[in-house]
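Next come two complexes, and both contain subunit A; in the first it sits with subunit B, in the second with subunit C.
Coming up: the complex of A and B.
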């Protein structure tokens, strides 16, 4: 390839990346600009392209007059709890499905799949009845449990696939070296499926963070509201304070982005390269 | 120091018996090679020794006590895998130290941060570090102790795998084709290293390979297997000189032994392709009722003479291969049949080795002289050696 065509290809790729980036980032930018726009100029034509710094007070207001901090804290607890619990509950079944031959193995896998066919909205009523019976309504722990029930099946399947890819030789080597089965899972298998753990933790975290239907139904106490429910409560029948909604939207987005940036470096494959064969 | 006794060891996968009723003793300090083609059950047998595979029937004893029901870690055996099976997320040092860490393992080592610190503490204990460093020096791994396996070459990875086995100071080393992923040159070098390791470390070695050169050079004894059954157990020399059947005769030696159909002449010789060949003492007295036999001669026992010389087999040169110190000469025999067709060779071709650079060329008519001093006779039906 000549230097010129190489340069052109590079530019083209850069343009494509920029295009995708723009498509993804523009709504966020628009949200940010709108949050810093006076109500009067909200519907101006042409719309404001740059944020109005004099409107920064809307963020202070969000924390002072609206319990945004509490909502975000609740969302964080639910998302983090869902992540930890989902992974903890999925790792060992995934390992068993990958490595052991037992009666009902196929049924177990199919059963996990089947749960994914039912829409959340359909399950929310029976779930409400059960939670009411066992006293799990209005509890963040209960909400974590409900969210986990929806994330565990898919995470189990993803992790099973990842564990399938870990060479059996490595596990047998660990067995020869005196590791117990639990030890093998925790200190050999899990580090090798770290990219999948990171990917599944993103799935669980965002499920817990974004979830609305369960949070709206199972939580009625003001102080336990999550941010998704809180945000929706602003959308009124007659009026919606657009810049406040957008400001809270921005605040709601930031922790999720931060979490993703934290784990994304693990979402790279290639950890098992070099373990076996030459 | 360890001796191993296998008694009636069997492993069945469905109706197929991968290992069929094998009984053998491995003496203390021995280097036993399990040799055979792929699918003969040699790896399965090794994995049963290690405890990675369960037995369908039979018993395994180590130093007189039964071990086949014990988990792998309780058998004091180390296993070197064909694929090396290093822990890719651990440094070379941690890979080698891993078995020693496992020796001190407590359940709370599973707690993320605390476990990490505890493992590092064991790794830094003077006795542990000293043993690991010494092992690394022996294997020339010292400069790469902080690298991950993926940054190492195949030979270096294999040495790490050996190091991980050595630090345990096991009673028995089990090796499953450890050299087969290496290129030819490195394989020869590592072969010598493993032989030295056996001499230095002592201990009992059981080594699986499909490569008869490895078997001949490394083993103090060889167990040649086929279809889950040991065909012959003996020293490399015994197996080479006195193969018990035609299978062993053809498997050991490159090029393999020539098997000629012949008939006993009743006067202490055999007739092959019209030529009468005298037999050495013990074979000469063997004049059984059925006169057809199979005469086994190594390629070095065939000499090429001018065509028509009395006492030689008529033939035609079909291929000459020069491999440096000697030449391999393939000849098509005019009136003598061989038993080689079973492994895909032509039914009338034999191979002779001739020292130096042979000037023969394909198409030349020759006479093949057979030196029967070290010849072996087999039964044509069963393939078993006679006498």
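Coming up: the complex of A and C.
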């Protein structure tokens, strides 16, 4: 291969990378640009390609006229609640699946995998019926309980994979010092699987933050709406100015993206450590 | 590994494992298994959303009506088309992006982080912005098409029986291809560079190096990725529902959308539950087929 053709290949590859990045970034960029466009130029041809900083007032206005702050707060509660409950429920079974051989272990593993495969929207109907029965409709706590059912299997699975990788000798040493099994799990094993704990927290948090169909069906009270449901009420609706709707979209998307970028190293490492490999 | 890890501490009995898994087992029984049973029971009843407890037993009627109805059969076809397109396109694009991002260049770390951003965007926000992008008159998508002189640049994408599914697919692929890219990129780290070099020195072209060295290494990951993308596509709700509500005339009416329409638009929980049960069976069948195929491939690999 000559130097010139190598250089050309390199340039071509860089162009391809740039193309992929542009495609990945464009829709979210467009949401941002639209949020900062004057009402007059919203429908201009060609569309305005750059954000107009003088329009920042749209955001303040959105906060005043639409209960965005409350929606975001509700989403935060649901996401945080789902994260805490999912991890609290998953740590010990993950350890047991990794370290103990017991009767029913195979069935438990199969159950965890099968529930991962269950389409959640398919269970919306019976969940609605059951929640109506026991009075869990219109409750953020109820929504957290429902969300967690769909995060716990995959999280248990990922943590089990991570604990598989912790050498037994480390536990033996703690055992010599007289630590109990619960103590070993909490103070020896968990710190060693911190990256996977981070990864699973992010998975649970995103699930709670993004979730729409359960929040839409299990909650009908205005004040308990999550941001996903609130935002969804604007899709395809034209009486609210497009730039205000896009501003709410940005307010809902930005925290998720920022959070993701902060932790993406761990997520990728943790996911590939145990999860998708099964 | 199994023998060494089975030992128990002096301070605990043989029920310790059960104490450890008890809470989660109870939780899943309550929030997954019980709803599943409830769904099965509901599917044999005629139950209104307005009175969830007052259903009457109708046996197989819901299933019979579904199978006889045009809507449901169309929805099976749409689900299959949507799922196959999602899986093929997401893996194709993901593989291309992963191969691009696997070769060293300056700023690769940043590029890898940026390309996964769509995966982190909330689906509701994605639906919102793509509905705007595909807007017939003011959407930037049609503007670009028109600038290049395409006649379809005046079409109302989300309201067209031919174009709604492609439009929903574009939004979906945009959201999920980064996940495929990340998984394949991780798998590519396991490809032996010595083998690749050896093959190149032996005069193998890029394509045959890929076929002989790279593909066999990443194949198991791609197989599992296929399973996950399939199941996720079958159960994807928010993006499709918010962009098209399954329309126009059922063009994007996947099983999950059909279920939601039956239950929460027509308020027929029994019929919706029957759709749900069929969806559950389809998902489990796909999982079984997957395990059957991979097990057979593994056995074939062992005996080689």
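The working rule: the second predicted complex is superposed on the first by the 225 of 278 C-alpha atoms of A that agree within 3 Å, B and C clash if a C-alpha of one lies under 4 Å from a C-alpha of the other, contacts with A are read in each partner's own complex, and residues count from 1 in each chain.
Assume contacts are C-beta pairs under 8 Å (C-beta built on N, C-alpha and C of every residue); 3 or more make two chains touch, one makes a residue touch a chain.
Since this is a predicted model, take the numbers as computed values, not measurements.
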Subunit B versus subunit C as contact partner of A:208, first or second or both or neither: neither
First (subunit B), second (subunit C), both or neither touched by A:173: first
Subunit B versus subunit C as contact partner of A:191, first or second or both or neither: first
If touched residues of subunit A are counted for subunit B and for subunit C, the larger one: C
Touching partner for A:183 - first (subunit B), second (subunit C), both, neither: first
Doubly contacted subunit A residues - partners subunit C and subunit B: 175, 180, 271-272, 276-278
Of all residues in subunit A, those that touch subunit B in their complex: 167, 169-170, 172-180, 182-183, 186-188, 191-192, 194, 271-278
Complex contact set, residues of subunit A against subunit C: 10, 13-14, 16-17, 20-21, 23-25, 27-28, 30-31, 34, 42-43, 45-47, 89-90, 92-93, 95-102, 104-105, 108, 111-115, 117-130, 132-133, 145-146, 148-149, 152-153, 156, 168, 175, 180-181, 206, 209-210, 212-213, 217, 228, 231-232, 234-236, 242, 245-246, 249, 252-253, 256-257, 260-261, 264, 268, 271-272, 276-278
Subunit A partner contacts - residues on subunit B that touch it in the complex: 50-52, 71-73, 77-79, 81-89, 98-99, 102-103, 105, 109-110, 115, 148-154, 157, 164, 168, 181-182
Residue numbers on subunit C that touch subunit A, as the complex places them: 2, 4-6, 8-9, 11-12, 14, 16-21, 23-25, 27-28, 31-32, 34-36, 38-39, 42, 47, 49, 52-53, 96-97, 100-101, 103, 105, 111, 113-118, 120-133, 137-138, 140, 143, 147, 174, 178, 182-183, 186, 221, 224-225, 228, 231, 234-235, 237-238, 241-243, 256, 259-260, 263-264, 269, 272-273, 275-277, 279-280, 283-284, 287
